[in-house]
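There are two complexes below, and they share chain A, which is joined by chain B in the first and by chain C in the second.
Up next is the complex of A and B:
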């Protein structure tokens, strides 16, 4: 873990420097979650489709993406693949309503960091985010890459 | 799900009523076998016996008719001969010549060669015995016949053949008498009726048969071969032959009768049907016995065969029906799986929102002025319960998914005995808290089975968990493993109260539970069922012979 030598920094501080993109078609969930995360100092944004998510990561750098697997239009998996192409360093956490690990495991094969099964307690979600925060180095602002830049 | 439960109970109903159905089939088959096998036998036997009797009666009647004809001819010829002979003497000799005792004796000696004629006498027109030759000379000499019926008849018609009578001689005989054309004298001969007797005795009327001659009054002219003293009225009506021969068949006898002696007498031959047919009846009784015996054998054999056949059919039907029920259960599970997969997602998203909103409210409550919120504790408690129940619902949707998990098993070589012990160990604390002991009867040296150990463990865990719940307090769970054919069998027997008939039917249905609300999801066994189906094995539940329930898990050994 990159954060190991920075133990002195509190989790809150760590989180404060991180940006999170929430991708879920359940608007009520996204809105409330945004409010709750922002209160904890996270910089976050929410979108409701895979297409919107891809557009957003093209224009902005995110450290963490919280991605629902079942989305209208482009599905979670192909969105994940696309996001990873654009921002390979972004840590993706899969959210799946399918109540089985299958979706999550499929996502991890495509580069996701981990998965959570709905319904998930906010505390568990925070813990997972913290895990991602520790993994990624939020202090470095990463440049946005264009598609062809690989 | 209700639709499926309904279908199953209908099948069960069919199975229940099948007992009487198969019993009826057995009766029907046995009846058909009897009809097609025994009935023809009886018909053949009856017709054979009937036609044999009929043809025997016809043949015997014809024989008897022939016999009576031939005897009639002989007797008539004999009587004619006697009459003609006397008539020729009357013409040939004068009364004076034959009145001489010596001449009469000479004539009697000359003609009585056959011994038929017993005596010979000459009587004048007044009835006075002029001369007599024969064995009764002493008794008859000087007798006067003027009052005798025969004498009157001869004097009237010129000829006479008497009935058989005892007369003065105290011995049965009959008289043939002729008068000369001028009716001035009579030549009279006594004929030995023994000739008729022997003629009739040799008629061959069979055992119990009779042959006799009767006069117009129905009196015996020859003794009955059976020793009858008088003719019965019934028999007399049967044998009245006025002017030609006749044959009559009654229930007991065949009568052949013919008029003889110009209709004065009737010759009767009688055959006893029953006595003559006694051998036939004996044979028929033997046939009937044989047929009865054969019928009995047919009955017994057909009953046994039919019973065994119908039992086999019943078994096959039951197996088929059980298989159908299994198939139904499998289909049901597949449907539940598909349904579960689509439902889970639709439920989980709202659940996520509910728990998130509740958490958000909880968070905001923290910031409120605690003093102003008099029901703050109630709010907190309510929020807590919302979140707990969302968790509970989440567990159910997750378990539901157990039905639809794709066939991506992680199959490894598994030691079933070890797996069972390991699973039981997981529940050891809970079991000992309820004073429940595990007893193992594990067959040693079981080959390892390639299967998904974790899924199988889930099945064992469900069964053991249920067993502990069923026992409650103080009891034993016996676990047996063995090999049965190419299957590995694990049996879990508990000392609980056993399963109700309703439970046995619905045990593997999703959401069927006997536990308190909130304690069991009713999914464990139905998921176990689909796991076993997917592993190529099976699971079944029944009540143990000594009480409690027995769960049997079967796994293919490959």
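Up next is the complex of A and C:
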């Protein structure tokens, strides 16, 4: 385990280098989350439907997608499959309130990294994002994490 | 990876247990495989922790009695199922698909769970409209409790009720389905934050609007018209009707939904359709939404039916109880009466005359309180009571008959027409407040010296509570209502019921025990004191007061003495549909049947619950990691014995980076200095901080108990090979440690992960066994529990087994707790033998706590 300061610094760098897409039809939720994540230095974007999500990932690279399961029109799982086709390296975290167990398991089978239940504590969500960031390729774009780095 | 491992395993077998010669490439592949195994193992443990935490949350919620919604149950079940699924997947990766049987067990449990969760209340099919002559108690599932009871009274008791008909649940379903309303309503409700009152009102209004604006199906509209015309013809006139809600689920035992829904009086034929829709929509009034959420009803559990009844021209109306709502054994009927229609009495806004009439023939009038005359100076108010003695006696007789017929005390709405005919408008079970001795009877304590701020009035709902005053006169006051304040109002209007989830007590200037708000307060277990004159003038917003609704006094400030003496609040959710559903689901979740890994019963097909599955997957995952080296002849990951000046014998398996760099991994021995696993070092520090003094001097009885049990149980005989005589192992990485300790007759397990992510951090501890008899083992486990709780562990104890957990704490905090466990593992191992005497227990407790105080930084 690394010293806390060192971790916070390099994690902050990691987070800043990553882009997050939030897909959820609860507009207030999306706006609040965007605001809070941006405040923590993350680059993020929000959309309200599966179709919008697919269009967005076609035109831009994302490292992490936070995906609701219950979406109007195209549902969460079918959106997940499409996103994974377009951007196989993006880590998809399901963040949902009322999905059925079948939907949840299908999400895992379709390649989601993890499943979070709403309401989620913001700090827990941040840790999940950090886990995803540490897993994804975006760290490659970072300078080597040097212990002496200021 | 699998084919490589398979090849290697085959090769090992061929050369009969001798380690095959491995090329560097083979060794590199093995290292990669082991890393993959370790990754799956870590993921499995994370899923295990998530699952255990979710289970604990569900159990805790059921016990706590705090309101929870269907969304809570559904959300937890799904998250739990996903985590169990992940555990099984990871175990299959670890074991090369050895445990296929788990899928069957998992599918069976999750399938049964889904069946419970998706169960929908059935809407009885049949006629869209029933005439009152066709309705009785057996029609409850078609017309709702209120109308079914009224039909029963008309058709089987023979009392007068208004003529009319009921638009049934099937009709409501037809209306909702034909407009596709339910999905949209559910969607809006799911988005609703129940703690945000403003949002609650907006959503409630929007949903009601949605329903009221939807067109009625033509067939239903025509049927309503036809039944109205027949009703008018029977009554020889163009009539007005009252339209009353009658919800399914309403009026069930102790759940009244009093005043939650809409009733519309004096409806003429052209407004029938619109009023019907508005009443159906009133299912989503804000207070009804709050009520259902607080009391554990799913919105779908309640289906609205509507009664259309000929208006009664009441000259006197009121509410009566077949017994006192405050005393189920009372021998009198309570009658509240006011001139005119019944509405004002039940909404609590009218002043009434109160009669207590004996339940026994000839129904003597016991007391009369003529409050209407007393409070009025108007010359229009007659001198006499609203009811004659004969009328009061007739009403009492009816109350007793209704109670006898329905089998429980009743809350009855009635009206007397100009002709003298008594008409029953409603009869439902009475919500009673039992006054337990702890709650006290009316306050007569001569020691009571503190003067009260206000006193008098009537106990609308018993209990004592303390909080800041918040006076509500309008909807704006209502929106600003702080949580846990005392609601102070002029009149106890049903609208204020929206606040009952936020308030601790209710004080009203007017009203009495029969008001809807009183009924609902009783159901919420909230103290309510009504009839406190000038309460809104004499109390100020923000003043802290204690409301003692039993002694009918309000005190300044907080009175802990009174609060303590009050009975504990009851579990409001208990018995509700959502509560029962969670209870049912938990039967598939929490019971643990797989206890002993050494038992032949410890197999996938024995897994009956999610807890069993987690237990099985965890145990087998540890075994897989443990046996990797022997299976593939991979010395690097074989168990190494700790040597040096160490108590007992310990073996260590390095999973990733638990040994210092440069250590010869082929060595069969390892020193503690070679270990860099932070959690293992912390446990070790606790183990070795105080030298073990050897087994305690055993009293003869304790020793006798061990000898006796050894002869009974071959597992306890060291000469017999069993899991109890196996070795003790540390499985480690730099941040992880799984320690299984088998010391003599004891088995314990410590598992921990420390990182910079709080969500990944935990310490878990299991302890079982001992050689002494059950009572001594129990006392030791009890002692362990006490100590662990002092160090912030969440402990569960079942007989002589104990599990303890801490999650989501920073690593330095957990390191200190690991030292505690290390110490306890060594120093409590044989004290069960001396647990016969209380004084010895206390001595050990003192000495353990003193030692821990020296070892641990920031000991409690």
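Operating definition for what follows: the second predicted complex is superposed on the first by the 124 of 150 C-alpha atoms of A that agree within 3 Å, B and C clash if a C-alpha of one lies under 4 Å from a C-alpha of the other, contacts with A are read in each partner's own complex, and residues count from 1 in each chain.
Criterion: a residue touches a chain if its C-beta (ideal position, glycine included) is under 8 Å from a C-beta of that chain, and two chains touch if they have at least 3 such contacts.
All values derive from a computational prediction rather than experimental measurement.
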First (chain B), second (chain C), both or neither touched by A:36: first
Which of chain B and chain C A:102 touches, first, second, both or neither: both
Broader residue contact with chain A after superposition on the shared chain, chain B or chain C: C
First, second, both or neither for A:26, with chain B first and chain C second: both
Which of chain B and chain C A:128 touches, first, second, both or neither: second
Touched partner set for A:60, first chain B, second chain C, both or neither: neither
Chain B versus chain C as contact partner of A:118, first or second or both or neither: both
Shared contact residues on chain A - chain B and chain C: 26, 70, 97-100, 102, 117-118
Touching residues on chain C, where the partner in the complex is chain A: 71, 74-79, 81-83, 85-86, 89, 110, 113-114, 117-118, 190-191, 678, 734-735, 754-760, 811
Chain A residues touching chain C - in the complex, by the definition given at the top: 1-2, 4, 7, 11, 26, 70, 97-105, 107-108, 115-118, 123-124, 127-128, 130-131
Residue ranges of chain B in contact with chain A within the complex: 341, 344-346, 348-349, 351-357, 359-360, 363, 387, 390-391, 393-394, 397-398, 400-401, 404-406
Partner chain B, residues of chain A touching it in the complex: 26, 28-29, 32-33, 35-36, 39, 70, 97-100, 102, 117-122
